[in-house]
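One structure coming up, written as structure tokens, with questions to follow.
For clarity, chains are labelled A, B, C and D in written order, and residue numbers in each chain start from 1.
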Amino acid sequence: MKLRTLIAAASIAALGAGMAYADGGKVKVGMITTLSGGGAGLGIDVRDGFVLAAKGNENLELVIEDDQRKPDVAVQLTDKLIQSEKVDVLTGIIWSNLAMAVVPAATAQGKFYLSPNAGPSALAGKGCSPLYFNVAWQNDAFYEAGGLWASENGIEKVFLMAPNYPAGTDGMTGFKRTFKGEVVGEVYTKLGQTDYAAEIAQIRASDADTVYFFLPGGMGISFMKQFAGSGVDKNVMGPAFSFDQGILGAIGDAALGVKNTSHWSKDIDNAANKKFVADFQAEYGRLPSLYAAQGYDTALLLQSAMGKADVADAAAFQAALEEADFASVRGDFAFAPNHHPIQDIYMREVIKEGDVVTNKIVGVASSDHQDVYGADCKM
Amino acid sequence: MTDPLLKLSHLNKSFGALKATDDVSLTLMPGEIHALIGPNGAGKSTLIKQIAGGLRSDSGTVEFAGRDVTALGTVPRARAGLGRTFQISSLAMEYTVLQNTVLGALGHDGGVMRFFRPVMKDRRLVDRGMAALERVGLTDQAAKRTADLSHGQRRLLEVAVALTLEPKVFLMDEPMAGLGASGSKRLTGFLDALRVQAPILLVEHDMDAVFALADRISVLVYGRVIATGTADEIKRDPTVREAYLGAEDAA
Amino acid sequence: MTRETLLNIVLFAILPATALVAFALDEPFIITLATKAAILALAGVGLNIALGLGGLVSLGHAAFFGLGGYAMGILASHAQSYTPLMETPFLIEGTKSMLVIWGVAIVTSALAALAIGALSLRTTGVYFIMITLAFGQMLYYFAISWPAYGGEDGLSIYVRNEFPGLNTLDPIQFFAIAFGILAIVLFGAGRLAKARFGLALSAARQNAERVETVGLTPFRLRLVAFVISGAVTGLAGALFADLNRFVSPTMFSWHTSGEIMVFVILGGVGRLFGPVAGAALYILLEHTLGGLSEFWHVYLGLLLLLVVLFARGGLIGTIAGREVAHD
Amino acid sequence: MSMILLIEQVLNGLQFGVMLFLMAAGLTLIFGVMGLINLAHGSLYMVGAFAAAAVAGWTGSFALALVAALAAAAAAGALIELLVIRRLYDRDHLDQVLATFALILIFSEGTRWLFGSFPLFLDVPAALAGPIMLPGGILYPLYRLVIIGVGLLVAAGVFWLIAKTRIGIQIRAGEADREMIAALGIDISRLYTMVFALGAALAGLAGALVGAIQSVQVGMGEPVLILAFVVIVIGGIGSIKGALVGSILVGLTDTLGGVLLPPLFGTFMQASSATSVGSAVASMSIYILMVGVLLFKPSGLFGGK
């Protein structure tokens, strides 16, 4: 999979940044993301968001590769992009396990890596790197915000559920870190499980008032449909991953009323976001997802730094990235010392707009949220 | 009187309601050819499998060279010195003719867990394989693929592989089948000489060969041995004539 | 010299020639691809001992590939973090030495193959295929849900392990290591096929009854073949992990077993150089078809189908014709 | 654990098992009659689910969606039988595994090419939505009960088909002796195509029924396929009775293992590690079951040979 996208006709105004480029300053970007097989929808959104934001910037050359969601393929593509294509910056990885394989390989070879989605804790703490910037979130962010919101909104007893793999158990740990109430049940399911009848029966039997779960992709779709059909009357909460635009279409009305935490929603009220949502729909004919928003922000960040420093001067380019001087679709955005975001995490609710099931912001779950791993980061 | 090399005592085997082997007792003495005859479906193949170890008997014992081998499987019986040939050729078809006899020599030699030296350069095994081929007259075919042999040649190769094992007893299931008149005549002569090396329990349809070779003949009908004796005794036996030869005459 | 011998020489030369040309042109990624092909070929050579010689259709060789990978990952991650692997009853430290890691990978996967083989070889045919698949799946789910070594996330090793006298991070030098091992194993596998053991094993595949009748036990032959086969595939797994500096449960998935089998079939079952041809072809396809379409798996599937239906004997069989019995 | 919860979990296991039976019945028939290992059976399950989702999206009718699933899967089955599968009957298992592995690749990426990478929407019909109260105060989803009912009905239908009808006699003859059916003057290739299409239709039905409560997406057939293989291996390949017993056994083991093992480990381990170790063992449990069965019965519970 190789789409060489050479983008012509610069239009600085179109970026909404309004700044001049430093002289020269061409940057070659390698994007490794998931475009085929399971989970391809996420990678396609990140790619489309990125391409949309970079449209018209002739100083930015983009090489896109498909990792097929296989870590070994991702590592080999990293080698290829660095060794053969001689890229300056890498980006695009969707999954934490692939990020754990690619990011150290990239930074060890002296390349910048901008993460548009995954944020494993190791890379925020001990394994942090001056060359690694996370433009999305540290993995725990949505869960910690969820725990805060639940504590402040009268939720007392929760039932936790996630797949039995690191992203799942880490997420639940994040929730427990900030949640003040009681955890009455905790179930870790098989990765890729599609039938949740047994877990739903346990939820029914428990005295929890709220189910908090993280089940990415098809797992979340299956669970929500089955949960809605079971007649169990409990609140449902989770991180945004199971209630994103691409997934809501497959769940349908069964998702209505679910609360989920996210750093982005298409109804965040700022100019950059309005423009992004409108442009994305005009360009691709579908509603953007949070992955598209992250891809879009990643490209904006990169271009803001390109305007200030030459990528060949790593220290200067790093300093330019650290400033995060761009108009994020999320509103306020800054980097903590460990190069992970400081941003607001919102609470959204799934609603119906006409025929379309989508999300609406109902409040801020955690303002200026920052991860807890930065203390371990020595760079 | 010498002890029998092979001794079957009261063997039984049933498949559901069908009694395939019914209280069979037989002996094979050193130096003799003991032929086992009977109409199709008499249970000869079942009995051969019980002797070779491929089929467990319901009751009764098999003694081999004075040792009770009833509980043993095919492999230990082969290692104990039982050389069997099959009714339907059972050879490694992708191999050359020589490779099949070398396999036999290898089985006799043991020491199969050797991973480095090319077996076809192992003089001892190859010589033994070639010698066996020479005895059955297949020397010219040594390099041929076994699958390309004629039916008759495969029968001879079966015998050659059994020779490489240097068994104490031969168990031959219709070695003459498909050989043609001259071929069976030649093999008859060969088996005649072979009995000195080791006695043969011979299952055969070719009556000329049986009467020419056998020291003793046992007649199996419906899983039972109805008569055992010399060729003349069998020819005269009225029950045999009625149950078996009579039937053939009529046909 | 037969056509197959000639073809084998060409096949043997293709990988180092590719790597050297890429080295001259300063295309390190092509060297990495050649290295990947060599390592996957090694896994295929391992499977081919069971599959080609022994006729054992194992759909669970990912188990050994993964065990080899994790032997590398676990030892190297402990060395990386300076924490001992085990303190009681005696101290075991992690290591960054490839030679030690290879040894551990071979022994671990051989022991696993002994256990899995001893149980699986009681069955035959489809049951054997399925029980090996089941063992692979067991290890897969175990690796995913066992948190100590990264679970689904896998383990990242930041620097490649060490080999005395070589800089393993240099693509061409690492290629030399991988290809050197492939060459040694190919030589060994070639000898094995023609040795006493190979003669008896292959005969057991053609006709188990015949082998029993000459006094040899097919079960023992197959079990030993399965152990050797697993050990070689495990060694390949350790090298593969070192190539990527990363291990994950994907190495255990049944798709991995399927792919290793695809190398063997594409090249030609039971041909010594079949896996080399198959792996090289697979990598080539992955990178040419992958460049043509997002949906390249469709084309890969079609090609595989055509090979199975119409080009029996795989690449080598098609070019070199029916195998002549070895002398 | 309360009795009610346990009964509910047993029902869940039963429902899962019944679904597996729809997959396993086709697989085992195809193996029994034609001697073919079909790895692409999971793709037919996926075809059924996608056809149902597409038709439900156009027409809004779940009944039409089910008909479409049956038709599409049967047609896809008949098509691959005619084009590919029939060339594989006299090949060894290795070729069959490889060729049908190739079919999986083609089906999966082809479906993604047609329908895109995002999961499709397929919902339970309104009449069957929601839970009902069972005797004993058990609140249970109606749709799952319907699945159990439909599954058992289909199972009865398959047994009747095999025991009483002409095609059943032919199928049994084919299992016993392939040359025999030719001798009986039966058109073998038509019989094979029909059996294959029948197996495919059952898989498609399963895909559509399950698609309504799970996610309709590319690759959804593979986990089910592997489980269905575990089922027929446990039951004895070729035996419909074995497939039924195996399905229920696997369904119950998987469901109850996931529920009971973590607390069981909790009795002698720390709570947090018990949860993850228990879950790990639970996810391996059906494979352990399979290995156990094969050790004592190397050709499965009802395997003839």
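Methods note: a residue touches a chain if its C-beta (ideal position, glycine included) is under 8 Å from a C-beta of that chain, and two chains touch if they have at least 3 such contacts.
Quick caveat: nothing in here was measured; it's all calculated off a predicted structure.
By count of C-beta pairs in contact, C-D exceeds the other of the chain pairs C-D and A-C. Work out the mean CA point of subunit C and of subunit D, and you get 32 Å between them.
The distance from the centre of subunit A to the centre of subunit C, with each centre set as the mean of the Cα atoms, comes to 36 Å. Centre to centre, using the average C-alpha position, subunit B and subunit D are separated by 49 Å. Subunit B and subunit C have centres, each the mean of its CA atoms, that are 44 Å apart. Of all residues in subunit B, none touches two or more other chains. The set of subunit D residues that touch two or more partner chains comprises 108-109, 112, 276, 279-280, 283. Among the residues of subunit A, those in touch with two or more other chains are 36-37, 164, 169, 188, 190.
Chains that are in contact with each other form these pairs: A-C, A-D, B-C, C-D. Across the complex, subunit C is touched by residues 31, 37, 84, 87-88, 93-95, 97-99, 101-106, 108-110, 112-113, 226, 229-230, 233, 237, 276, 279-280, 283-284, 287-288, 290-291, 294-295, 298-300, 303 of subunit D.
For subunit C in complex with subunit A, the residues that touch the partner chain are 27-30, 32-33, 36, 141, 144-145, 147, 150-154, 156, 158-159, 171, 240, 244-246, 248, 250-251, 290-291, 293-297. Subunit A meets subunit D in the complex at residues 36-38, 40-41, 44, 164, 169, 186-190, 192, 194-195, 197-199, 201-202, 204-205, 217-219, 221-222, 225-226, 228-231, 246-247, 249-254.
Those residues of subunit A lying in contact with subunit C across their complex are 1-2, 35-37, 66, 70-72, 75-76, 79-80, 83-84, 96-97, 100-101, 104-105, 108, 120, 164-167, 169, 188, 190-191.
Only residues 51, 57, 59, 119, 122-127, 129-131, 133-135, 137-138, 141-142, 144-147, 254, 258, 261-262, 265, 269, 295-298, 300-305, 308-309, 312 of subunit C touch subunit D when the two sit together in their complex.
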